[in-house]
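Look for chain A in each of the two complexes below; its partner is chain B in the first and chain C in the second.
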Partner chain A sequence: MNTIYLDKYKNEMLEKFADKIDKVEENGNEIHFILKDVNDVPLTCNHVYSILGTRLATIICTDELGIKNGFVLRYVFGKENREDIFIFITAVVSQSLFFPSIALQIPAAALYEREIKEMFGLTPTGNPDTRSLVLHEFPEGIFPLRKEFLLKTKVARQQRQYQFLKVEGDGICEIPVGPVHAGIIEPGHFRFSVLGENIINLETRLGYAHKGIEKLAESMKLDDALLLAERISGDESVANSTAYCQAVEKISGIRIPKRAENIRVVFGEMERIYNHISTLAGISTDAGFAFGAARLYILKERLMQLNESLSGSRILFGVNRIGGVRCDISAQDSRLVISTIGTVLRDFDKIISFLKAKSSFMDRLKDAGRIPRKAAQDLGVVGVVARAAGIDVDTRHDHPYAGYLPRNHRTPQQIIEDQIEMEKRSGDALARFEVRVREVRNSAAMVEEMLDLDCDGTFTGMPEKITPYRSALGYSESHRGQTVHWIMIGKDNSIFRYKIRTASFCNWPIIGHAVLKDIVPDFPLVNKSLDLSYSGNDL
Partner chain B sequence: MKDKTKGIMGNSIETVRDTDSLFIPDNYRGSIAFNMESANGKRELAESVCPTKALLPFKENYSDLLLDYGKCIMCGYCAEITPKLIKINSKPASPVNTRASMIERLGPQIPSLASYEQTGNELRGKIQELFGRSLAIREVDAGSCNGCEVEITALNNPIYDIERFGIHFVSSPRHADLLLVTGPASKNMEVALKRTYDAMPGPKIVIAVGACACSGGIFGDTYSTTGGIGNVIPVDVYIPGCPPRPQTLLCGILLAIGRTLSHTK
Partner chain C sequence: MYSIAEILIGVIQGLAIILLSPLITGIMQKTKARTQKRIGATILQPYYDIIKLIKKDEVVSDQSSWIFKVCPWINFVALATAAFFIPLFLTYSPFGLAGDLLLVVGLFALARFFTMLAGLDVASSFGGLGSSREMMFSALLEPALFLTIFIVALTYGGTNLSTIVAAVAGATLLPHPQLIFAAIAMFIIVLGETGRLPFDNPATHLELTMVHEAMVLEYSGKSLALIEWSQAIKLMILLALVVNIFAPWGISSSITVATLGIGFISLVAKISLLAVIIAYLESTIAKWRLFRIPDLITIAIASSMIGMVLYYL
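Let's look at the complex of A and B:
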């Protein structure tokens, strides 16, 4: 975090919007501008977004009718490039239950506004699309995240039509797919409009895996909600639990021991390696090359066995705890990790060079699912998908957390080389394939570096009593991209509001743009190369 | 035996052939054992930390603690707070036929587990007897966190290679003999799950995979979940775990086939 930048933005905003800002609050690397009027949101957000050059991290709505005077909206913008700042624009929605939409200026905001409309019943004026997201056949007038709504309420099913975008013209057909798919994957519905084999339009309808996680967390103890965080998306358990723990630790002012920070990095990177290998295997399957997939799945299995011998869970459940980590890594474990990852990496290199020598495989990936950089930027895409489209975002460097270090000082030459590398990335399935291969190697090196655990202590203790209504942002980089969790503590260490935004939420909208130059049989390959979680999106 | 000298690209056989190669580490959280001698006053403490209420409240007529494996997500919180009373065991809890039998009277009874290959071979025999052909499975995710999917996918990798036992995963319920269902059955998946079940030809076998599918697990029974697959379609076998490991999944399939076989005789 850089206090110089923090002051700079504070002064700049205060100068420009003196009559609009009621209050400014700081909380670590967060700076909150509390507006007098919700109608000033578009103006201020647009300034923060386009003039200060930030990315929309999340939009949080809370029902604070009981403690303040209404629903509170918090627009969170992340400032990257070594500045490590989160700018919050906060405003209270008046009795009218309307708030101005910012989706036309900041397209990434559109989905958040739909979510707020559905879960809180606040209407974003000016947002052209307010269709339902996760409450498929729920009756009208049910707003689960309002405090007056009780978690266990059972509502009757009501038939509701979902309006898909209709493509008309000679020879246009619709192909509905899902929610139950042909493979062993999660539920979701895809509606293709095709002309022959060419995809003219693709619309996704998700929400089938909606389990009410955010509402459920409000009834849970802090320790139990950690288990819930691990199960937001089973294969991102470390990333999500890390983000959750960091938010709680930030609220209660706990600093965890260095060793625990490094262990979080080790598990986070182990998670990235086994999942990237799994995705690469999936790409190979969907490109019709079962042999490559089979070889890569062998490596994944070895890594899952390694996960288990360290943490007692094959998918790394139970690694984190608030105030540290639950499982330590002994010297013997370290040696096991280094030797296993070493052999896996040697085999990995052999398989990858074999795959790259197969022209039929490489041709299949090249140009499939190409994502235009502009679209990726506008929709706020994160993670591997963004990096493969030449957008240099990575929470591990942009907002260093746990044992991650800010990016080393680079010489002007290195900076230019990095920029050229980014420019070269074309955003197709092949680029995503290559970025993943590169990240597997980087992560392996990072694990080895972090395993030098000469410092002591894995746990500092739980927070005793947290001041009610304090809040903080926790974040991490899962193998899918930036994960942002925001927690507001209620009375007696309860959770007042738990807002989760996984990378999948940001990345799902891009799929409709990625397939526009493809044919229907390419879709599984493109989908797999994007590696999106349904559960992490639907919550 | 494995030929390790040729390396990953040398067509080496990676498939497990014996128990040793599928060694379960000691710290795996598979089942729970109680030492009732040190239960004094600790029982309530253990019950109070359980996030899914899997440790059932004490009743006068039971002298033992009761654990509902259908709810337990193996977080290990109870063992952490009362280490003398509760021990986590690495032997995985076994699949059962009825929801009620997941609530176990805990004593020393830990299920014995045959080797992966023995289980598979027994299963192959029974599938042959029942169908005279291979077994077709359809998997449905009814709102799981995708942890169970990771393990079901693992069954198809060259190490577990479930196809060698005559089991394959099919893409349509119309081709399926058996339905593997994961997740707490989210309300949004309720209709799709029912329709998938209806589309299957008889005899229909349904397996609920993981704590969520058995009882709703950590997601429980809320406005957006149905509190377990059993509330949507009839279930033949329940597999505990969060997520269950591939060996346990295979045991669950064996149990389901064995049961159907005994019904047809």
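Let's look at the complex of A and C:
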């Protein structure tokens, strides 16, 4: 956190929009600008986005009618150049239930606005696309995230029309794929418009795995909601529970012990390693190279067994708790971790150099699913996908949390070297393959470094009674990218509003751009190389 | 005319291809599993699969016509008929009078033609995709196949399989250099015709990358059993052709129990070895990009062209 920058942006905004800003609040590294009028949102957001150079992290809508506030919109922008600042633009939606859209200036906002329209019934004026997102068989006029919608409400099913983009022309065919697929994967519908084998347009329709997590959390106590957070997307359990715990700890002002912080890093990185290896194996399968996949899956299995011996769960459930960690790492455990990861890494290097020597495999990856950097920037892509397209975003460095350290001061030469490295990344499946390989090695090194633990305990205790309606942003970097959880506490340490935005939500829209120069049989490979979660997106 | 014993052996040869073909598929699957460090199902698994599918009910799309229903039968009958023209462990097939190598290729084409029609017939998007890809492959594979056949036919003076195999069996090692090139071409064609990697992935679950599997995606129950069985027969026929045209040693040229026995054992050993080699190769390569596959077929065509030139030199 950097107070110099906080003050700088505060003064700059107050100077520029003195008549529009009602008040300013600070909360750790968050700076909230509360606007007088919702119609000033586009102007201020655009300033924050393009002049201050931030990325749209999420848009949060809350139904605060019960506390005499109306529907409140919070536009969260993250500064991702190591200044570690989140800028909130907050505005109350007027009685008319319309709010101005910012999607035309900030394309990444389009999906959030659709979500708000569907969940709260607030209409974004000026957003050309307000089709439903997840509630495929919900009756019109029922908005589940409003407080008036009770959790036990039974909703009748209703068929709804969904208009796909129609591509017309000589020889253009549509291929509908899913939502039920031939393999054991999650549900999602893909609508291809093809000319022969060439993909002209791809539209995805998701939401089939919608579970109503955000609504469900509103009835829960803080402890129970942690279990829910872990289960948002099974393979991101540590990232999600870390983000959740950090949000609650920030609200209640708990500072967790150094040892617990380091243990969070260790488990976070172990999660990253096993998932990256799994994705690399998936890429190999989808390129039709079962041998490489089989070898990598063996490594994944060994890591999952290591997970189990440490935490009792193969996918690291139950590692985190509010105020610390539930699962300590003894000296014996750390020796086990270091030796297992060491042997896994040795085999990993062998397999990767074998894969890189396979011309038929490398040829499939090269140039497949190339993501234009401009598109990635406009859509606010995060994680490996962004880094492979040459955008240097990583929450671990941009907004250091837990035991992660802010990146050390770099010499001008190192900065230029990093920039050149980023420029070289072309955003194709091969770049994503290589970024993952590199991250597996980095994470392994990081685990080893972090296992040098302090001895100050793993738990500080649960928060006492928290003042209602306080809120905070928790964030972490899952293996897919930035994960953001925003929590507003209600009465009696319950949750008033829980907004989750996983990396997949940011990254799904890019797939339509990634496949435009590809042919249909390369789609599964491109899809796997992006490694998107359906469950994490649909919530 | 042929004696009763010869006709009987002919019938046995045909039936042997039909009955042993799932075993070859099983051997290939087992080999692939072992190379991928899996234990894999037993080599008898394809038989169990066929029996299981035969017991199952069928689901037929109400959008489909008679073509969809007759396609598995046409496939099976065409390929089973082709099986009777192939000399297996005897240098000649008594049914050789009725058809030669060109007829076998023609029967393959018939089966493939109806499979493609059936893929289009169900009006599902994947069927169409599979059919269009299959047409692209076959338009390139068939010229390559014919060129290869011409080399063999020119070398041995006829397209009749019995003539060819009898002539090869009489010779010592590969007597003509052009046959080496024909063998290279034939090997690539076998991979393409039977939809092995790098052409098509027979084990894929990805609808969008399938070729043969996409065409037959809508089949279930007995029809699927027939389709899979005929696919196995086709593989066995092609392997038997490769073995008997390019490496026929051990094949029996007279009807005695001893020579027939040696012929049978050596044939099974050779075909199994070839199947293992193909399966091993499949494990070592990724599936190629769809539009790079014509390059591979071009290699087959070029190889057979060189063989052709060598013949006239």
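By our rule, the second predicted complex is superposed on the first by the 538 of 539 C-alpha atoms of A that agree within 3 Å, B and C clash if a C-alpha of one lies under 4 Å from a C-alpha of the other, contacts with A are read in each partner's own complex, and residues count from 1 in each chain.
The rule is short, and it goes like this: a residue touches a chain if its C-beta (ideal position, glycine included) is under 8 Å from a C-beta of that chain, and two chains touch if they have at least 3 such contacts.
Quick caveat, the model's predicted, so the values are computed rather than measured.
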Which of chain B and chain C A:Glu197 touches, first, second, both or neither: second
Contacts of A:Gly253 with chain B and chain C, given as first, second, both or neither: neither
Chain B versus chain C as contact partner of A:Gly461, first or second or both or neither: neither
Touched partner set for A:Ile298, first chain B, second chain C, both or neither: both
Of chain B and chain C, the chain that contacts the larger number of chain A residues: B
First (chain B), second (chain C), both or neither touched by A:Phe289: second
First (chain B), second (chain C), both or neither touched by A:Pro187: first
Which superposed partner A:Ile175 touches (first chain B, second chain C, both, neither): second
Partner chain in contact with A:Arg364 - chain B first, chain C second, else both or neither: second
Which superposed partner A:Ile519 touches (first chain B, second chain C, both, neither): second
Overlap of the chain B and chain C footprints on chain A, listed as residue numbers: 182-183, 294-295, 298
Interface residues, chain A side, partner chain B - complex: 134, 136-138, 142, 144, 149, 151-155, 157, 179-180, 182-187, 207-213, 215-216, 220-221, 223-224, 227-228, 231-235, 237, 278, 294-295, 297-301, 304, 308-309, 311-315, 317-318, 327, 347, 350-351, 354, 533-535, 538
Touching residues on chain B, where the partner in the complex is chain A: 7-9, 14, 24-25, 27-29, 49, 51, 73-77, 139-154, 156-160, 169, 171-173, 183-184, 186-192, 196, 217-225, 242-243, 245
Partner chain C, residues of chain A touching it in the complex: 173-177, 181-183, 196-197, 284, 286-295, 298, 358, 360-361, 363-364, 519-524
Contact footprint of chain A on chain C as seen in their complex: 32, 35-38, 125-126, 128-129, 132-133, 197-198, 201, 203-209, 283-292
